[in-house]
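Multiple structures are listed underneath, in structure tokens.
Look at the two complexes coming up: chain A is in both, with chain B in one and chain C in the other.
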Partner chain A sequence: MSDSRPHYLAHHFDHLEQQKQSATLGIWLFLITEVMFFGGLFLGYIVYRGLYPEAWHLGSGKLDITLGAINTVVLIFSSLTMAMAVRSAQVGSRKGCAHYLMATIILGSTFLGIKAIEYGHKFFPGPDSHYYLVPGAKFHLESPVADQVQIFFSFYFTMTGMHAIHMIIGIGILLWLYVKALKGNYHEHYYNPVEVTGLYWHFVDIVWIFLFPLLYLIGRH
Partner chain B sequence: MEHPVVPVKTYVSVFAALMVLTALTVYVAFIDFGHGLLNDLVAMTIAVIKAMLVLVIFMHLKYSARILWLIAGSSVVWLMVMIGLTLTDYRSREWIESQLHRAAPWTSGPAIEQPAEPAASGH
Partner chain C sequence: MSNAPATTHAAGKHYLNERITVSSWLLTLDHKRIAILYLVSLIAFFLIGGLAALVFRLELMTPEADVLRSETYNKFFTTHGIVMIFFFLIPSIPAVLGNFLVPVMIGARDFAFPKINLASWYVFMAGGVLALIATIAGGVESGWTFYTPYSTMYANSNVILAVCGAFIAGFSSIMTGLNFIVTIHKMRAPGLTWFRLPLFIWAMYATALVILLGTPVVAITLVMIFVERLFGFGIFDPALGGDPVLFQHLFWFYSHPAVYIMILPAMGVVSEIISCFSKRRLYGYKVIAFSSLAIAVIGFFVWGHHMFVSSQSTFAGLTFSFLTFFVAVPTALKMLNWIMTLKNGSVSLASPMLYAFGFLGLFVIGGLTGLFLSTLATDIHLHDTYFVVAHFHYVMVGGGVMGFLGGLHFWWPKMTGKTYPEGWAIFAAIVIFIGFNLTFFPQFQLGVHGMPRRYHVYPEEFQVLHIASSTGAMVLGFGYVVMAAYLLWSLKFGKVAGANPWAARGLEWETSSPPPTHNFHETPVVRHPVYAYEFASETSDEPDTSSEKGHV
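Coming up: the complex of A and B.
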């Protein structure tokens, strides 16, 4: 049998459309498990916030709302560049795809950089008004509910930390895609990896869309 | 199902809408709606709208096979089961505790027998 199959069509698929649908279905199923994973963290947040509303109010007030908002903008912008990377591949612009992937990588790294600065403020409190806000023996806050605020910060570090790990993994995949895209591997007939990574990236963006108000914005009024 | 190429204009409009909503959620966080729950309701409504925009346009749900709608929707169902059932436990504990130590409102006498007077058993 002489083979006219393109090399990017895996041998176990009949045609490109089937391959694409399988890939999309697979990543969506994975994302459902991710919803439940982060859902567990959100559930813990809800239960403990119900128990210690005062501490949540206080803890939230210690977060840097400006950096949090800037990061929200950066991350949503990275979702736009990600969507554009997929679109570039769809219309056959191999260069455009690579460039938008790099833009997404840079924006994602910017997010992590700002996150690191925020973590730094908690780990290395300045001389003026900052408290050491990392849960553990050295946790320091002058408040009658300091112990409960510590629980808030446990949630803060776990939730933003898990989110950051997802972003680090995402950036790793994007770097790999970038190298492939530079070689011109993605085009109008085949762009599954870009599309699927895009879905993952947007999902991580959605998690942050909920984390931002729940961590930074409660109890500001 | 081949999805069509989404116009750049659509993506940029969605991005602009997300920016406006981000600004809005920060702005309303500083307004006191009188009850803490109302503030949460407003913030979560804005977050859900933002998430929907990302899901429908950036994640191409609008242009995808219906099976993906079902899968995306099912995650909400499972999440609600997990959160809903857990909260029925946590939020009812205090109430159940109070009911166990008090006369049920529909009976005339005390639900739990009071211990006998110590004097009665003194003989």
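Coming up: the complex of A and C.
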């Protein structure tokens, strides 16, 4: 029996099924910790939105809804290519797996690029702008609720910033997987890393699916 | 079994001497070696935290400020708090005893994710080093709780570094907790059903749940402190309409359950010790097992008792007060079951048992004084006094540290293969018990008479009690030194322990001491109920009802 041990079965597991179940349970537990992590931010958001609805309305209106919407579409497509990468590995298409991973990397990077443009508009609003929306000493806005709008933008930058850091980490892991997938390491008998990373990627997408309406769409109808 | 790796097992080879290079330690994936790495690091942190305490206890021997200035005094108690809580108590039993024992106790060759396990140690050390840099580079005076707006706006010290240290250390907790849960679910030996698990495993499982659900919340809270202090964000800034009490809610949502991260493992250790030295199956096994889970769950709904006097509504206060009383119920059930086990058993007073008794006595005092504090009316008088300090030291040191030391003595022969001199161990246990009580019992009196915490200058009538407390701290320190001396001595000169020096039951005692690298030469098959002290070990008549693989 020990002769039939494949090299991708780690020494401390008895069989592949045990290894696969452990990986899946592990990533779901990790995603629970991620929910709790973002949960703290969402809680703070809810508390202050209830306290300062006008400021939230005003702050939301200063966000670029077009770029936000494009990014939402980009990210949803990246989830599709991610799912296709897992599927390709499952059916044994080693090349397909690598290609779809690369597609996901490109879409994820596109998202970050667009996000960077959005941040750029906030940090460098131009010389004739009447306001400066990055929280801190330089924050400036002509409004009776300017202080509370600053809290809104504190949440905007912390939430989207945390999300972007998760995207960067995800792209890093995808690059690693891509190199391995090119070597043909993932196939119908062994695709745990692709599946587990896929679950993480979908989670990060879902966070954005919540962030987009909560930050961009207040009072737009 | 046939699918175990073909180990060429030479006599006398075990996890400590199979390879002895430095890199074989620093790159090890063996959970037992990682446990030893943690043990050595935690002792270093304990020493730092303990020395900080000795310095400010010295200052407190007189009513005036003679050793430390106010700001320095604040930095010393902050260092003591941050180091002891984030870098000693929270990881103590899980990272050392849990890392060593969980796979062995369930008959596995390692944790499900050995690389994550090693990474957790490196992450932990990175966090610890950052916190120490913060201390050396001028210190932090915000208290370990980092309350806003003091920490974000007014503190003139390395708050950011300390916050980063605590944040990073949180990842190591999460990695450990995640490994525990997956491993306990997926890697139990054949025949090891849930109700055959040692109660230490149940306690570790419950602890891991608290770690996984709580730690991320304090992580994001520390991120908010970070961005607020570094970039001037306004989430907790009252000048902009931010709410500092929101910080307290988020902080205590983790930091109260963190007390259960320290206590549940100690309860698991005490269950093992009491069963072994009573030679008795634990009375109410299932009650103790489920009460661990109950504490983990209810413990998440009591955080508001830290804010009885900080603008929380009376209704919220009442609710949190009730829930805090309620969380004492499963703890009390455990106590009663341990006492019933002792009553039915034939008790022998070995050194681990002395620590277990120390735990029982001190934790009862710590727990009952917790009820004083969870009562709204008395809390108004006692809040932020030495009564609180004494209460949580009785819980965290009297409970957590006694459990850790008891476990360390109980499993020391298993971990090192050597026995320590029992006479010295009993002496040290008694000195530590006396020193601890002398340190902290007077602080209840100080608190009741109105001595606030975190002040180093005080009215003269408190001096006698403060001198008693400081003397106790020195006695306590002496006890630790004695213990360190004979434990180190035993490494070289101790008698060879043998596989099962305590005649205990459990899979960890069925393999050699120290265990081989793969823990067992053959995957064990469990045919006995847990704590089968009433069965003769070899000739069980119990029918083997569950020979299937023990996964769920």
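Operating definition for what follows: the second predicted complex is superposed on the first by the 214 of 221 C-alpha atoms of A that agree within 3 Å, B and C clash if a C-alpha of one lies under 4 Å from a C-alpha of the other, contacts with A are read in each partner's own complex, and residues count from 1 in each chain.
Rule of thumb we're sticking to: a contact is a pair of C-beta atoms (placed from the backbone, for glycine too) under 8 Å apart; a residue touches a chain by one contact, two chains touch by 3 or more.
Please read these numbers as outputs of a predicted model, since none were measured by experiment.
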Is A:136 touching the first partner chain B, the second partner chain C, both, or neither of them? second
In the overlay, answer first, second, both or neither for which of chain B and chain C A:11 touches. second
Under the stated touch criterion, which partner chain does A:209 make contact with: chain B (first), chain C (second), both, or neither? first
Examine A:102 and indicate which partner it touches, taking first as chain B and second as chain C; both and neither are also allowed. neither
Scan A:21 for contacts with chain B and chain C and give back first, second, both or neither. both
After the superposition on A, what does A:67 contact: first (chain B), second (chain C), both or neither? neither
Between chain B (first) and chain C (second), which, if any, makes contact with A:148: first, second, both or neither? second
After the superposition on A, what does A:36 contact: first (chain B), second (chain C), both or neither? both
Just to be sure I follow: which residues of chain A are touched by chain B in one complex and then by chain C in the other one? 21, 25, 29, 32, 36, 39-40, 43, 47
Residues of chain A touching chain B in the complex: 17, 21, 24-25, 28-29, 31-32, 35-36, 39-40, 42-43, 46-47, 50, 53, 65, 69, 72-73, 76-77, 79-80, 82-84, 87, 90-91, 195, 198-199, 202-203, 205-206, 209-210, 212-214, 217-221
Mind listing the chain B positions that touch chain A in their complex? 1-2, 5-6, 8, 11-12, 14-15, 18-19, 22, 25-26, 29-33, 36, 39-40, 43-44, 46-47, 50-51, 54-55, 57-60, 64-65, 67-68, 71-72, 74-75, 78-79, 82-83, 86-87, 90-91
In the complex, the residues of chain A that touch chain C are 1-2, 5, 10-15, 18, 21-22, 25-26, 29-30, 32-34, 36-41, 43-44, 47-48, 51-52, 135-137, 147-148, 150-151, 154-155, 157-158, 162
Quick check: in the complex, which residue numbers of chain C touch chain A? 2-6, 108-114, 174, 178, 181-183, 185-187, 212-217, 219-221, 223-224, 227-228, 231-235, 239-243, 246, 250, 523, 549, 551
